Amino acid sequence: MQRIGVFVCWCGSNIAGTVDVQAVSDALQNEPGVVFSTNYQYMCSQAGQDIIKNAIAEHKLTGIVVCSCSPRMHEATFRKTAAAAGLNPYMVEIANIREQCSWVHKDMPTGTEKAIILGKAAVAKVNLNAPLKPGESPVTKRALVIGGGIAGIQTALDIAEAGFPVDIVEKKPTIGGKMAQLDKTFPTLDCAACILTPKMVDVAQNENIRIFSYSEIEEVGGFVGNFDVKIRKKARFVNEDICTGCGICTEKCPQKKVPNEFNLGMDNRRAIYIPFAQAVPKVATIDADYCTMLKTGKCGVCSKVCTAGAIDYTQKDEIIEEKYGAIVAATGFNPISMDKFDEYAYNQSKDVITSLEFERLTNAAGPSAGKLVRPSDGKHPHTIVFVQCVGSRCSACAEKGKEYCSKICCMYTAKHAMLTRDKYPDTDVYVFYIDVRTPGKAFDEFYRRAVEEYGVHYIKGMVGKVSPEGDKLMVQASDILANKQLHIEADLVVLAAAIEPDKSARPLATQLTASMDTNDFFTEAHPKLRPVESPTAGVFLSGTCQGPKDIPETVSQASAAAAKVIGLLAKDKLTGNPCVAGSDELMCNGCSSCERVCPYGAITYVDKEFRMPDRTTRVRRVASVNEAVCQGCGACTVACPSGAMDLKGFATKQIIAEVDAICR
Amino acid sequence: MNNREETLIPKIGVITDVRIDTPDVKTFRVVTPDGKKAFEHRPGQCAMLSIPGVGEAMFSITSSPTNAEFMEFSIKKCGCVTEWLHQAEVGQQITIRGPYGNPFPVDDAFKGQDLLFIAGGIGLAPLRSVINYCRHYRENYGKIDIVYGSRSKDDLVDYDEIINEWVKDDGIDVHLTIDNEQEGWDGHVGFVPNYVKELGFDTNKTVIICGPPIMIKFTLQGLIEMGYDKTQVYTTMELRMKCGIGKCGRCNIGSKYVCKDGPVFRCDELEELPDEY
Amino acid sequence: MRKCSIQNLDAVFSKIAEEAKLYIPQDSEKGTDYKEWTEGAVLSNALNTNRSPKDFFFPQTENLMEFKTSGKEIEIIDNRDEMEDFVVFGVRACDVKSFEILDRVFLVEPYDSYYANRREHGVIISMACTRPVETCFCQTFDIDAANPEGDIVCHKTENDIFFNAVTEKGNALMAKLEGVTEDADSSEVDAQIEKTHEIMKKLPLANLTADKFGADKTNEFFDAPEWKELSQSCLGCGTCTFVCPTCQCYDIKDYNTGHGVIRFRCWDSCMYSDFTKMAHGNSRNSQLERFRQRFMHKLVYYPTNNDGLFSCVGCGRCLAKCPISMNIVKVMKTLGGKDNE
Amino acid sequence: MQINGEFQPKIVAFCCNWCSYAGADLAGNNRLAYPENVKIIKVPCSCRVNPMFILRAFQRGADGVILCGCHPGDCHYTSGNYYTRRRMALLFSMLNYLGIEKERTRVEWVSAAEGAKFAQTMNEFTEAVAALGENKRLEDLRCKK
Amino acid sequence: MQKVTCDTLAAKACELLENGTVDRVLGWKNGEFVYDVTPALFTTTDDIKSEFVFNDFCGANFSKYLIEETRKTESKVLVFLKPCDTYSFNQLLTEHRFDREKVYAVGIPCEGMADITKVKAAAGDGITAIKAEGENLVISTLYDEDKAVACADVLAERCMVCKSKKHVAYDELLGEDGDVIDSNRFDEVEKLEAMTEDERFAFWQNELSRCIRCNACRDVCPACTCEKCVFDNPESSVANKAISDSFEEKMFHIIRAFHVAGRCTDCGECSRVCPQNIPLHLLNRKFIKDINSFYGEYQAGAEAGSRAPLVDYTTEDIEPTDAVLKGASDNA
């Protein structure tokens, strides 16, 4: 018979407020197997844990039940406490009487009664617990970063700094991501390229980092410490090792009319191209959809002019298999498409642009070589209207846009307004906003300079309609503070479009078995306490793939993710999850039902000799579970008709005991 | 409702003392809640102990009927009921019913005879009640020899009673043996059947054997070689018993029910029965 | 001897029903079974019921007692409620004989009070057979199908039903049926008995004899080589033992209901592989041993302990219901030597 | 079980450790009330729930059983909830075929971010089961108080 | 009346015994009466000649015996398989339950086996002899004169809705192979589905309450081949030996049907052997019908190695709540 100790936590008033903790600990006192039952204000505090340790020693407890908050919060804490007191950490069960009882039921008597029942279920389960020892698996000392933006770069550099090899997989021909497309960065207005390019060069020169540009993730298998990943290196028809990046081919290529996605389609590029000057790796890429040589077989100019002879039309996609210990998702963001926002006439007029397109226009390497001109007729715009929260903070029932605030638009619009007023003092700049959010360091001072020093007209109100008339754009808006309607003739309208995760994030999450929220941002393991880890062990989150954030936050989160990866790769052995499946050979029929449902292929079959009662031996085919690969999902335990396959920690007997205790 | 005694409804017993004999054998002292013996029994008879929800099992009563205060059971841990009992603490209540089985013929066949008890391992438990009974009425019986062997020294059940009481009694020779060499043991080393052959008893004794089936088989062969006749040898059987009253139909060998016609059998009676066991 | 016309048999039934619960065999499209009599229930004239009437006295499951445990204390509750009287009508000769066989097991010291409690409150009204079928072989065990035993014996002729009270329980019940029955002589009944005996002689299994078997014949048949061939295709299911009116083996199990433990008794089958499974082994490991135990018990062991009375009544249920058509008749023919044919 | 007159159903909820259990916690964090008849059992994945557990819950007196798991595609073990979906589709269809009210059993996909949906589902389900009344068709009389 | 006669089978068995391909034959032997046929193992040719029987009552499905037979010796065993038996044969092969090399399977055509309860209903009681003549059976009984009954009228329910005369696994075929028949074997299930929930509950309560838990359905079922059944294993906390509450009979039959779901080949043996005549095949057929309508047509055992529906999935499967509605209203 087990000797069980029950510890009911008050959690200050969180539990004690709506659950009579004394009644709970008294009721659980005479449950079968319980020899000690008490309650205390803060079980997770040092004092609380000492109570547990002393009780274990004094009453020679073989199992403990803690009725407190969710196991997702403090199961690890209480397991460490038990281990410190010499008890096997898996002889601990948590009854969740806070999130799933005291916080959701206001009425004290019924809340107490439910807490007692949940306590009884935990006691019933601990009665059948067996001490478990987690298995160990080796750690591949290599990390994989998916996405080559500033987030991926920073994470890779930090991991490489700790001496671990890192691979970056970037689907574009070059790393750099969105930041490479920016002109200046707030609040210090230093040029984006100036702070990004050195980091890109560091990445290129760091012998610990390998860049797979123009590549995508094909398949991810395995588990933390032992991921095996297939990377598809798309054919760029240029041999990377030989190409010097001189760019002659990009000038001679006859196919000129390819929309340049680096400049968001505002100008054209050749079929063979280098996205921008500081591209890393500085290697040309042939766009298979437009290259006449690849389509029709007639041209080949680039291979003729290439001095190094790096062009190779026969290059095929290549699948590279590699083993990794940790994976970091840094897939970044994209502005949302403006198709659904026809009230701003984005598709009718070329002079209604998004902020990112505005960045390209003001960028020296942009389509207009840094001169702010109207994309329609190339004239200088005298009146510019910035419209905030386009597609952000929309109510749930509006079937378009996002419910959340995209966080960075207020600051970059203030930057655009200030730079425009500074460079072209004659232009009028209007900014229509709902709230201006400047939460960061030196953010508000930056915004006030834009208003006071540079005379930007900030108008609190919504833009109702933008209708192109002639070469002007009639902007109808309302000014809430002055409570009047405004009609402005604008030459240029800039929409601060909301940002959403990159389209490649959702399939990647399925591959990584990482969970996502309804907006396709990766869900973090815990919103406050573990923001850079995904619930899936070994998968980490870096940058805007986890939620909208500006560059300083992205970089700090990138380094945080790197720190976590380093923490993982520094270990030689990873203690696995002990709650894995196990098969009882005597009862196993060898029918392979379990092998077919196992998502990790952890079950193999061996022929085993059995001594029969009449002294003959018989060879039978029985299942055997590879405890390092098994993650303990339990699909096999239900597929097995005879119940031979059982799950340690969540055995059939234990769950049935819990059901009995609950329905008693 | 008729007032006849309810056979299947047990009485409540309280474990008043738990003595650890060997790593897998404990001796439990059981009395009724008001301190008395649950029922009277004869040497060699058994009782059904049970824990509600765990199961019921038949155990031979190892204390002698002459012991008035309590009943004792030496139980080896080998199944779910025994495992549960081994975790039970003093004061734990269990249910007990019996006595079942017909006893050793202490008042007729054994009277005035020289007795030779041969036991192996936990097999001593059923014989202990007979031995102590015979020691109590020492004058009715002739010379008593006890040959008892076990796997190792600390597997000898009831070791201290053997050393402090049995050895000191006159007219009782105790021969202990263990299967293989062990330091701290100066007694005989070897299997029980060979040890019996070595000692070479004269053949007018009545022999009572109890232990693992292999030991019974070889000891019996040895005795017959020494000139013993099957009618002089008694043994107790170990089969799955459920009702204990010869009705549930599973403990039979041939037409005989071990729980009702046994568990004590004379070897010639066993001979007639088919060797189903 | 009393009689009543078939038409007002319902009157007799309702009279009996006033005294005690009445069960009569009733037809359904899935076979015949004993159901409680209600107004307008039709008496089936099928030869045998699917389930034998053994269920009335030795039910498939029966709560023995209940335990309440709290901490270290145990409380035993015997929550059997008082058994009221009941009457079973239309029991055939073979089934009536099975009660006698069961009585010799359960009513012998040490005494089974659960069985006795039901047996005392039950009145058996047996019905003579007029149309035995090919699977009947009750005459092998010298049971007279035409003139069965029982508290009251009935004979159903063309348009009357004759009642002949035998035991005092029978007479007590007949006394209460005075109003609905009238006196009758037994000539018509004797004629019908004679006619049935004629038919009995023509049954395929008429000359099957069991005198090769009986008490103390264990060693003759125990090691017979034929067991291997007889038991080779047996599935080890419990059908033959559960439909058999004389199988008496039971298991005692505990069931934890969450607020107490119920100890109940349920039918068990010697054909099941875990029937004799112990903590350290099983004394009957192969299906051959289990198969042999079943028929040796019916034909040898039971007679040895009950002065020659066989424990089979020849009702033929196991012949009809065995999934692989292996049964006691085939065993008797194979082991009983060729002259048995 | 009666509390202040009207029938209080007993509901057993099997919640998968990665999504719906976290969703239940989130409902707690946001103080979204749902009836206390619901008691949650944590299982590693919804595919761990064996039809025997569901029938056992009904046997021991539950009036409704709900099984929550991650949204198909989100399962932490990639395919766990796909198997659950097949198994429960067949089981529920069979239970209904045997005449057991179909509102007594339900599967609901609740992600870790859907605290509100969890609370709302529990409210809905408890009302539906309360409307059905006590579980008379799958109960075990011995386990009744 | 079966097309292939008993002598052709006996001859084939003797031939294979003599030329040593097999050393024993799984066939039928006469039971006590003409309709009582016992599966038997023949080892010598004269046993076969004297006792081998094949008639309209050979309903037993031999594939389950092969599990034990192939474990006994290294040599081959000859087994006669009717078309529906071959599906069980394949399903057991998919589950590696016996060694294919140790079996020599001979496919035999089958015109449908008779159901003895129907024969008794048609001919009255006291059957002494049954002779097959042309398309009907001549039955002589104790009480009235011989009666001729058409075979078609006394066919077993599973043979009236026979799903396929095609042999899907054999080493050799006697007679030509038939083909899959799309019989209306789900009518009975649809009739039940059309009832209201209360009517269905009453129907099943009445049927299952007669169950005596004799395990015949489990021990004969070729898909139920566990080394130790979960209901016999005291460790499994669902051990159940007898019905002491109406719940337990439902539990046993629901869980058994669930365990064989997707693996049951609808061979009908469970209903044939049930001593209480409970239509157990209606439970398994319900699962088969649901699997077909939810996840596409699937016949267990159609080809060895196929992936049973319950150990497979697609990302677009039907949701359980809609499945219940679809399952119940497919025909309404």
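Order of writing sets the labels: A, B, C, D and E. Residues in every chain begin at 1.
The working rule: contacts are C-beta pairs under 8 Å (C-beta built on N, C-alpha and C of every residue); 3 or more make two chains touch, one makes a residue touch a chain.
Since the model is a prediction, treat every value here as computed from it, not as a measurement.
Which is the least count of steps on a path of touching chains running from chain C to chain E?
The least step count works out to 1.
Where are there more C-beta contacts: C-D or A-E?
Looking at C-D and A-E side by side, A-E shows more C-beta contacts.
What chain is most central when centres are computed from CA atoms?
Minimum centroid-to-centroid distance belongs to D.
What is the distance in Å between the mean C-alpha positions of chain A and chain E?
Using C-alpha averages as centres, the distance is 54 Å.
Using Cα averages as centroids, what's the distance between chain D and chain E in whole Å?
37
With chain centres taken as the means of their Cα atoms, state the distance from chain B to chain E in Å.
It comes to 52 Å between the two C-alpha centres.
Rounded to the nearest whole Å, what is the centre-to-centre distance of chain A and chain C, using the mean of the C-alpha atoms as each centre?
The computed centroid separation for chain A versus chain C comes out at 73 Å.
Going by the contact rule already set, what residues in chain D reach two or more other chains?
Only 51-52, 56, 60-61, 73, 79, 83, 87, 140, 142-143 qualify.
Where in chain C do residues touch two or more other chains at once?
As it turns out, chain C has residues touching two or more other chains at 69, 251, 255-256, 258-259, 262, 268.
Tell me, which residues of chain B touch at least two other chains?
80
Would you mind writing out the residues of chain E in touch with chain C in their complex?
31-33, 36-41, 60, 65, 116, 125-128, 142-143, 207, 210, 212-216, 218-220, 232, 241-244, 272-273, 275-278
Where on chain E is chain A touching in the complex?
Per the touch definition, chain E meets chain A at residues 71, 95-97, 225-230, 233, 235-238, 259-260, 307-308, 310-312.
List the residues on chain B that touch chain C in their complex, please.
Against chain C, chain B makes touches at 1-2, 4-10, 12, 50, 52-56, 78-80, 82, 89, 91-95, 238-240, 242-243, 245-255, 272-274, 276-277.
So in the complex, which bits of chain C are touching chain E?
Contact set of chain C toward chain E: 30-31, 33, 47, 50-51, 60-61, 63, 131-135, 199, 202-205, 229, 232-233, 235-239, 241-243, 251, 253, 255, 262, 264, 266-269, 272-274, 319-321, 323-327, 329-330.
Per the contact definition, I'd like the list of chain D residues that touch chain A in the complex.
Counting only chain D, the residues touching chain A are 3, 10, 12, 18-19, 21-22, 24-29, 31-36, 39-45, 47-53, 56-57, 60-62, 70, 73-80, 83, 87, 111-114, 119, 143.
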